[in-house]
Each structure stands twice: as C-alpha cells, then as structure tokens.
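Shared between the two complexes below is chain A, which has chain B as its partner in the first and chain C in the second.
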Partner chain A sequence: MRKMVALTLAAVFVLCFVSCGKKEETEPMVSMYDLRVMMLAADETLPEMKSVSSSDEDAESLFGYLSDVDYSKVEGYFLSYAAEGDSYEIAVVAMRNAGDVPAMKESVEKHVAGRIELYRNYKPEQVPRAEEASVTVSGRYVALVMCDRADAVLEAFKKGIK
Partner chain B sequence: MKKTIIICSIILAVLICAGVAASVVFGVAAMRNSYDVRKKVLLLTDRVDDFIGKYGGEDVARENDVTIAEEYVIKSTESISDAYKSGETDGLSDKEKETLDMASGILDGIIEDGMDDYEKEIAVYEWMTANLENDGGMFTVIPTTQTDCDNPYGVLKYHNAVCVGYATTFRLFMQMLDIPCMVVHNSELYHSWDLVNLGDGWYHTDVYSDVGSGSFAHFNLTDDMMAEQSWNRDYFPAADSYEYCYLYREAVETDDIYEIPAALRELVDGERDMAAFVFKGGLSNSDAALVEEMLSTLSSLVENNSSSDGYSSLRWNWAAAGEDYLLSVNFVTETWEDPDLPDDIDEGDRKKMKRSIVDAFGDLYEIDMEDDDWYGGSSYYYGSYDYSWDGQMVIPTEEEYEALTDAYRYNLVNGDRPVAEEQLRNIRIARWYGTFGGMQVLMFDGFDVTDAEREETVAGSTLRFSDGRDIVVTDGTNFFSLGKAYGLGLLDERQIGMIAEIQNNGYYVEVDQ
Partner chain C sequence: MNKKIIYAVVFFLCLAVPLAAHLIAPDRTFSDNENRTLAKMPRATAKGVFSGKFQSDLETYLTDQFPLRDGAAAAVSAIRKAAGRRDIGGAYIGRGGYYPEVHREEDLDREKYAKNLALIKKIGERSGAGSVKLMLVPCAGSVMRDKLPLFASSYDPESYCEMARDALPGAEVIDLCSALREAGDGAFYRTDHHWSASGVLAAYRALTRGAGAYSGEPELFSDSFLGTTYSKVLDPAAAPDEVYIFPVADSVTAEADGREIPVYDADAATRKDKYTVFFGGNYGTVTVTGGADNGKVAVVVKDSFANSLAPLLTADYGTVILIDPRYFAGSFDSVTAAHPGCDLIFLFEISGLCENGDLAKLLM
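Entry: the complex of A and B
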C-alpha cells in the first residue's frame, strides 16, 4: 500500500514538471472598441475616419478588404480608414492562435502594398505616408499603422493590449 | 524493506529525470515560438517593391476578364457594339439594351457626316471628358464607388466612373464606330486605358487622366509618351506612329525659344488650355536647360499670381518624336521625366531669356529687368505649404521678441486711448513675423484676457483678443487688425489670404531660442 502511494505521488510530481513546459496563450482579447478609441485618439491629426470591426453584422466580408486570411482564425479586429480615401489607416487583428500571426502579418503587408500601388497610380501625393506604414506584431495581435503620428499610435497600441 | 525503498527511490529518480527532460524540451519549443512572433516594428519602405513583386497581381496576357485594383473587372462589350452595327438586339439583356440606347443617343448627338476616324475619336473624347466624373470612392479602403462604375451601363447612366469604366466605355464607342480599340491594363493591375487604331497605327488614349480638363494631355500618345506606365508589350500592339498624335499635330514649329513666353501668354489669358511646340531636329542641351529655367520661372509667376478660380500652375512635358523634340505646356497635366540637363547656363542667354519674359508678361505681373525678386521665384515652405513672400522672412531674436511685445503692449495707440495693460497681460511675443509690402505682420500666440472686456477699439478698428493666435499688422508705429489693414489698402487680398491660411492651419516658423 505504501509503495503504491509513493509511486502515485512520484508520478503526480513528475506530471507537474511536464505541464510547466508549455504555456498556452489564455489572456482574454482586449476590447477592440476600446483599443480603437485609444489608438485613434493618439493622433489628433487624423482626418475623418470610418471604422468597421468584428462587431459588425457583415464583419467577415468587410475583413476581406484588409486580409485574405481565413476569418475563422480571427478572434477580433477593427479597421479604421480615411473617409476621403487618403493614406490614413489603423487596424488591429487579434488571432485565436499565435501560430497564425505570421500569416496575418504577411497578408496585412500585402494589403499595404496594394494600397501603395493604388495611390501610385491615382494619388501619388499619398504614397510617402503609405510607404512609411508599419505592421507590428505583439503576442497574438497584428497592428497596421499608417498615419502621421505613428509612434504615438503604436505606443497606444502597446498600452492597450496589456 | 530496505530493498523496497531502494527500488522505489530508483523508480522515482528515473521518473523525475524524465519529467525534467520533458519540461526542457517543451519549454524550449515554447520559447522559440514566442521569439518568432515577438518581432520588432517592421517598416515597409525597403520591402515595398519586393513585396509588390512577390504579392502583386500577376499580369495576364489578355484584354478582358482582368480585375483592376482588386475590385473592377474589364468586360467585353462586343455584343452591344455588334448589335449597334447589325441592328439586331434580340440577344441583348435589358441592361445591354439600355446601354446601347444611351450610347447610340450620344453618338447621334456628337458624330457628324463626313467626319473621319480621327475627328470621331476627338468628338467622343471631348464628350467624355466634359460630361463624366471620376468616382473618388475607389480610394477608400472599403470602396464606396457607385454600382457599375466600371462598365458603360453605369458610366453612361450615372456619369460616374473609375478608370475601367472610362476605358470600356471609350472602347464601346470606338467599336460602335468601327474603329479598332483595345482596353490596356498596366502590369501592376491598377490602371487601365485604351489603345485605338486610326489606320496608320495604334495610339494610347487615357480619358480618365484628362477628365475635367479635356486638355488632350493623354490623347493619342505613343509608347514613349506613355512611359510612366508599364504594360505587357508582347501582348498589346506597339504605338509608335505620330500621324495622329495630338501633341505632334497641334505643336507650333519653333526655331526661337525666346518666342515661347509670348506664346504662353495665350494660356494665361485663357484663350486656350494647352500649347505645344515642336523643335525640328531636336534641341541642344543648353537651349533645353534655358527653356526649363524659363518655364520654372513662369510657373512660379503663375502660381504666385493665380486667382481663386484660375489656373494653378504651368505643367510641361517633353517628348521625343523621332528626331524632333515636343514640348507641351498646360495647366493640368502630369510631369514626365525631364531630360538630364546641364547646370551651367550662359549669362547672356539667361539675360535674353529674362527679357523675353518681361516683354511678354511685364505689364501683367509688374516685373522688370532691374528687379530680380520675381526671377526664379522665391518660396518659403511652412509645413506642407509653399508661400512666396514679396519681402523677406525675419526670424527675430529673443530681444527683438521682447521689444515687439513692449511695442505692442504700450504703443497700441493712434489718437485713441491706449489699451489697458491688464487686458494685455501674458501676451507672448509673435511666433513669427514677416513683411508684406513694407508692412510687418505679427502673429501673437496666446493671450490672457479678461472676461469683461474681450474687445477694444483702437484707431477705429476692433482688435479682438482671443485665447489663441491673432494677427496684428504694424507699420512700426500704428497697429491694425488684419481686416483694418485690408480696408486701408495696406495689404491686398492675396496677401490677406496667405496670412489667414497660415493662421488657420497653424503653420508657423518655430523660433530657435
């Protein structure tokens, strides 16, 4: 009996070690609305912006204008863009799985490249700002920042996701 | 008992070692995954071209069923043009029939008997550039373009189009008139225009780029003239003929470059929108450099003196036409790459060039040979604005700032009672000042005014002190509001407008203290 108890305790003890080796990302997603408000407020030079998000009824089809990644891999997002079509754009996507972040980052970069090409053909004065756009990854979040005060907006992003 | 304990200890030790080993393996894997995704901020500037090359749309060797700007599809309209020519409309959908009716009605109104293909093409081009508008909704991330803005149905019904709409509508008209025409798309799949064949060869026509101006800047161009774009030249035919190239046909043969300013006076007077010059046999580099400087100077003059509803500036384009050189000048056009020109210009030539400008524009802009201020244009940049001052911008020192503050605070008189000092407390010195027509213009930044008296009348004008920026004009003794200065004729409308714009947009020179 005592042997069995000892062996059982030892096995449990070993299992505890194993379970410490890998930590799952279990932090809840931050509010996309709050994050959007924070980030947009960080740049007071932004023009009139329109926004869509994962809260919208047709969120999945609207997401397609930002990325071609399978929407089922996305936990939440918001996309804010200039109402008049100028090169101002702020977006954050929260992935369900951190392993899908690189693919999302790549698709957002592809989106930016497309915007640059559009401006190059029709609104060349918008190209410089678009070329300075940054795509930032933090944990399972991918952020696109295209505006004049990108540093401030990125700072707000980092604070907002903590 | 002792043996049992030893056995259990060995088993326990083995299990513990296995557990630790497993933890290390899983932990390293987790750290590596974390490191991969926690990357630093990535700037795209260096990667844009690579990225476009890697992920941009793949160009296709076909004319139709091509998607432009990821949204708009080039579709064939041959069924409509065939129905127009045959008179048989049974195979058309209701939408196609309506398109045919609209297009036929337009052609009936603009095409006359006896017109050749070139004249017909001009008639269509002029109608489209005068009656259609660019759909700006294509630029938003989530497009808000009108339905059918990319095909003739929507274009002709709503008069609203994106480039694909212009190109397919123009092609429809050409095909209805039995003039061969193709819709070309650029290699990046972000723009489209037309190639039209007038019998002797193909020409590029980009109606979208000329809408609103009708300047013919993108009408019947050769491949060289369309060099700002790239397209599949293996698939689309070459455009290397000049017979119907609009610029070439309309250009005035010019032997004397000093005649150019006089010719351009017609543009400024509004008698026409575009002027073109052809230099037979080409142009020497020194003459080309002189013409460049001439046009830059004229462009500055035009910009500095343009009225609110007038022309913005001169735009000019160089193009090679065989051994000849073409120069087109207009007010709405895109600038092509200029030739690589030498920096040295003979002073005698420069003087002669100045004389030619003074002879042509001296009465209009009050310029003469003695005064150098107008020559070459003087510009100061504030933020993203380009302002030209007819005087000189002065950055005051700290002492000068203090002196100006005192002058304003204590000398705000002109026969009337002085402004009470307590109304002027906490005035910060002008953040910038400059001169306009001999008047100093000061912009004060920050007032602390009493609530009771926010206005004070001085010298018959009302100086409104507000928390923020305010403009005061002074001749060194008397101080006037901006409005009063204008009313007294101390500053003209253009100067008032420039100052107000700087004030409204908050751009001003920060003093380096």
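Entry: the complex of A and C
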C-alpha cells in the first residue's frame, strides 16, 4: 500500500514537470499587409508613404534599417515611411517568441532616438513629431508609430492584432 | 554664528546664481564645439510626464543649456590633462600637436560591419553599375600610430580591408592604408577627424591608380581651423589647421535636394567648422555636373570624407552624384537606373561603417 502511494505521488510529481515544460501555444500572426492597410488608413494626414515588409525579397536586409535584432527571431514585419524622408514612420514587428519582445522594443526605441538626432541636425522642423513617436508592445507585437494621428493609428493596431 | 550665516549665504548663492543665469540667459540653438543642435525646453504634457519622457527631455535641456557650458567643459578638460589623462571626450591628446579620435578595436562592431558589407554587395549587384569600388578610410590614429600617446591603441584597418575583400569578391577594394601612410604626417588634420588635402590627394591617386586627370594645385582656404577632435579636448595649446581646396573648372556646378549649392562654400570661413567649405555640409543627394566632357558618371555612396574628394573627381567624370545614406530620401534604384554602367564607389571611414544603420535605405 505504502509503495503504491509513493509510486503514485512520484508519477504525479513527474507529470507536474511535464506540464510546466509544455510549450505555450502561439496564436497565428496576423497578416502584416492587412495590418499595414488598417493602420495607414487611420491617419488621413499621412504624406506619400513607401513600405517594405517581410514579404520582400530583401526582407532581412531591409529590416536592418529598423533594428539590429537577429532577424531569425522575427516572424513578420512591415515598415512604412515617408517617401520624402520626413518624420513619418509606422512599423509593426511580430516576434516568434514573446521573450524577445523587450529586446525588440529597446532596439526600435534606439532607432527612434537615432532618427531624432538625425533630424535635429538635418531637418529640425521634423523633430517635434519624431519626439512624440511611440513604441508600443502588445503580446508578441512591437509597434512604432511616428505620425500626427498616433492615437488613431495605435487604435487601429490594437484592433488589427486581435 | 556669523560663520554659519556666511556658509549658508555662499551655499545659497552657489545654487541660486547658476539657476538665475539659466533663467535669464537666452537658450542657445546650436553648439559650434559639438557641431549639433542643442535641446529646447520640452513641452509638458500629461502623457510625457506620466511616461517619464518629459523629465528625461528636461534633463537633456538643462544639460545642454547650462550657463558657460563651453567654458566649464574646457576647464574639465584642462583638469583632466593636468592629471595625466590623454583620452578626453573621445579624442587623444597625441604627440606632435595631433588629436586623433579614439577608435579602439573593442569599440567597433564587426558584426554590424559584416552586415553592412553584405548590404554593399547587394546594392552593388542591383545597381547595374559598370564597376563597384570600395574605399575604406582608416582613422588618423590607425595610420599615424606614432602620434598616439603612450599605451594608446587604435583598430587595425588592414583586417577590415581583408574582411571587405572576402565579402565583396566582385568589387575593387582600394588600399587607402598604404596610400595614407605614404602621404606622411600631413594626411589628416591635427584637430579634426577628416583627412586633409594631402590625404585626399593620396586617396585620389589610389582610386585612379595614379592616372587621374586632375592636375590643379591646392589653394589655401583657411588657416584657422579647429575641428571636431579639438572640440572634444578643448586644449588651449592646440594649433589650428590649414584647409586647402582644389580648384575646379568654371563649368562645374552642384545641386542638392533640388537647389543649386556652391562646390566651395565661402561662408564656411566664418563658421567654426571650416570643413563645411565642401558643398556647405552634408545632403542626402548632391549632383555635380559640368566636369570632364566624357559622359562618364560616378555615383558615390559616402560619408563626409567624400565631400573633399568629389571636386577632384570632376576632372575624370562628367557627373558625380554623392549619396549620403543618413539623409538620403528617394529611390536609389532610380538614381542608378538613370545612369547604367556608372562607376559605383562606396567611401566610408571604417569605424563609421561599423555603426552605420542607414545603408538598407538604398535597397528600399
């Protein structure tokens, strides 16, 4: 009897480890194309914007402009930016693993700081908008919003990733 | 009791006087010494205060607008120098009146450098250029090691050139290390991180293999240049540099971002940064035309080092297009598509290429 109880307890103990090690299921990534369309449509004051994304042939190289995080940790992204080089940038990065989100957020914030410094020396009139840029995290998504109607674009982001 | 009152008054004045000076003095917009725009008073918004951004920006503003900031920085430099420090603010107090920038091997990001080389390879392959050349400029400290203070170090430029040759088998990597060493002590300014006229000429000869068409004699533009590295050390013993320019044909004109600019900006003589004589500074795209009557085009993707080289190139090319990725907006594909078969030249100082995050824009 005591042996049975001991064996049962040991089995339960082992099963607890198994359940702890079970990989968390990740929801499928939303379409970066759809998300981009939704977010850009939320601010009708945007100038002519160009876009690059994880669907592009040189996706990994292009990603280097936004972040120096290892691209293998990224499931998908898009980056939209003003064609004339003004301080309008909207980007979303979906990480494969939620644990890599803080590093990605920090990297995007570093990118924004670099843009502010650049504009300060080259196009000072663009600095106020760049300084109001927000870098937001939701789940495994990191969003950069640098535009005049940032609240509306962020709202579209939150709706789009649900 | 009187002593206590005196101490209290002195302590109060030490706090009150700088604060009053801060409030009374108008805000400065630009620092000549640091060659950058200074922070303005940030706007207080609820969002900014709760996120902590306002407080951080306020700290930056107070630091930037501190009264007698330049004088205080100079005093700190003098104290450090007197204490035996030879690395001040990112520049060495070197020998022979030189102030080379500090670029140690451990400060450079080889991974980023390798990524940038891969980008250059892609950009070159996509460009349709007739030839692709890479000019990697070593810093002054890596060329003139005898000018470094004792025990100071600088990165090994040859190893970076070797990496470039391995990564870009289809491109010509120009050996500037040997060329600049042969140019001797005058290859770089003493008080600025850029190369001098002597260094530019050596680089031009290396690029053209001694067969370049430029034959002009340099002319003195200014003999009172105290550049970027002087601004880091603020050493009163620093001797100013001479800036020479290379005359170009009267037919040569330049355009930047849609408007005409001078090839040599005479107003730079009244500015602290005399190196801005070359085109008046940095632009995203500068198109120089009216050079050699041969229809040849050079597209130069560059940092500020190429600004002083470009005038010489007008003797070999009818059109020279300078692209600075930091400020570039538009389509690089359109630039190269308009000039198929051009000579595509990448020119960067090595440490800059270890941190440049803008080359990817040329693939956008």
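Everything that follows uses one rule, which is that the second predicted complex is superposed on the first by the 139 of 162 C-alpha atoms of A that agree within 3 Å, B and C clash if a C-alpha of one lies under 4 Å from a C-alpha of the other, contacts with A are read in each partner's own complex, and residues count from 1 in each chain.
Note that in this section contacts are C-beta pairs under 8 Å (C-beta built on N, C-alpha and C of every residue); 3 or more make two chains touch, one makes a residue touch a chain.
Bear in mind the structure is a predicted one, so any value in this text is a computation, not a measurement.
What is the contact status of A:58 with respect to chain B (first) and chain C (second): first, second, both, or neither?
second
Quick one: classify A:136 as touching chain B (first), chain C (second), both or neither.
first
I'd like to know which partner A:50 touches here: chain B for first, chain C for second, both or neither.
A:50: touches chain B and chain C.
Looking at A:84 after the superposition, I want to know if it touches chain B, chain C, both of them or none. Which is it: first, second, both, neither?
It touches chain B and chain C both.
If you stack the two complexes on chain A, which partner ends up touching A:102: first (chain B), second (chain C), both, or neither?
The answer is first: A:102 touches chain B but not chain C.
If you tally the residues of chain A touched by each partner, is the higher count for chain B or for chain C?
Looking at chain A, the partner in contact with more of its residues is B.
Examine A:115 and indicate which partner it touches, taking first as chain B and second as chain C; both and neither are also allowed.
Only chain B; A:115 stays clear of chain C.
Looking at the overlay, does A:162 come into contact with chain B only (first), chain C only (second), both, or neither?
Neither partner.
Determine where on chain A the residues touched by chain B overlap those touched by chain C, and list them.
In the superposed arrangement, which is not itself an observed complex, chain A uses residues 50, 52, 62, 65, 81-85, 114, 117-118, 120-122, 131 for both chain B and chain C.
Over in the complex, which chain A residues touch chain C? Could you list them?
The contact residues of chain A facing chain C are 50, 52, 58, 61-65, 68, 81-85, 111, 114, 117-118, 120-122, 124, 131.
Applying the document's contact rule, which stretches of chain C touch chain A when the two form their complex?
36-37, 42, 53, 57, 112, 115, 118-119, 122, 282, 284, 326-330, 357-361, 363-364
Given the complex with chain A, which residues does chain B contribute to the contact?
The touching residues are 4, 8, 11-12, 15-16, 18-20, 22-27, 29-30, 33-34, 36-39, 41-45, 47-48, 51-52, 55-56, 69-70, 136-142, 163, 186, 188, 190-191.
Inside the complex, what are the residues of chain A that reach chain B?
Residue list for chain A touching chain B: 3, 6-7, 10-11, 13-18, 20-23, 50, 52, 62, 65-66, 79, 81-86, 89, 98-99, 101-102, 105, 109-110, 112-123, 131-140, 154.
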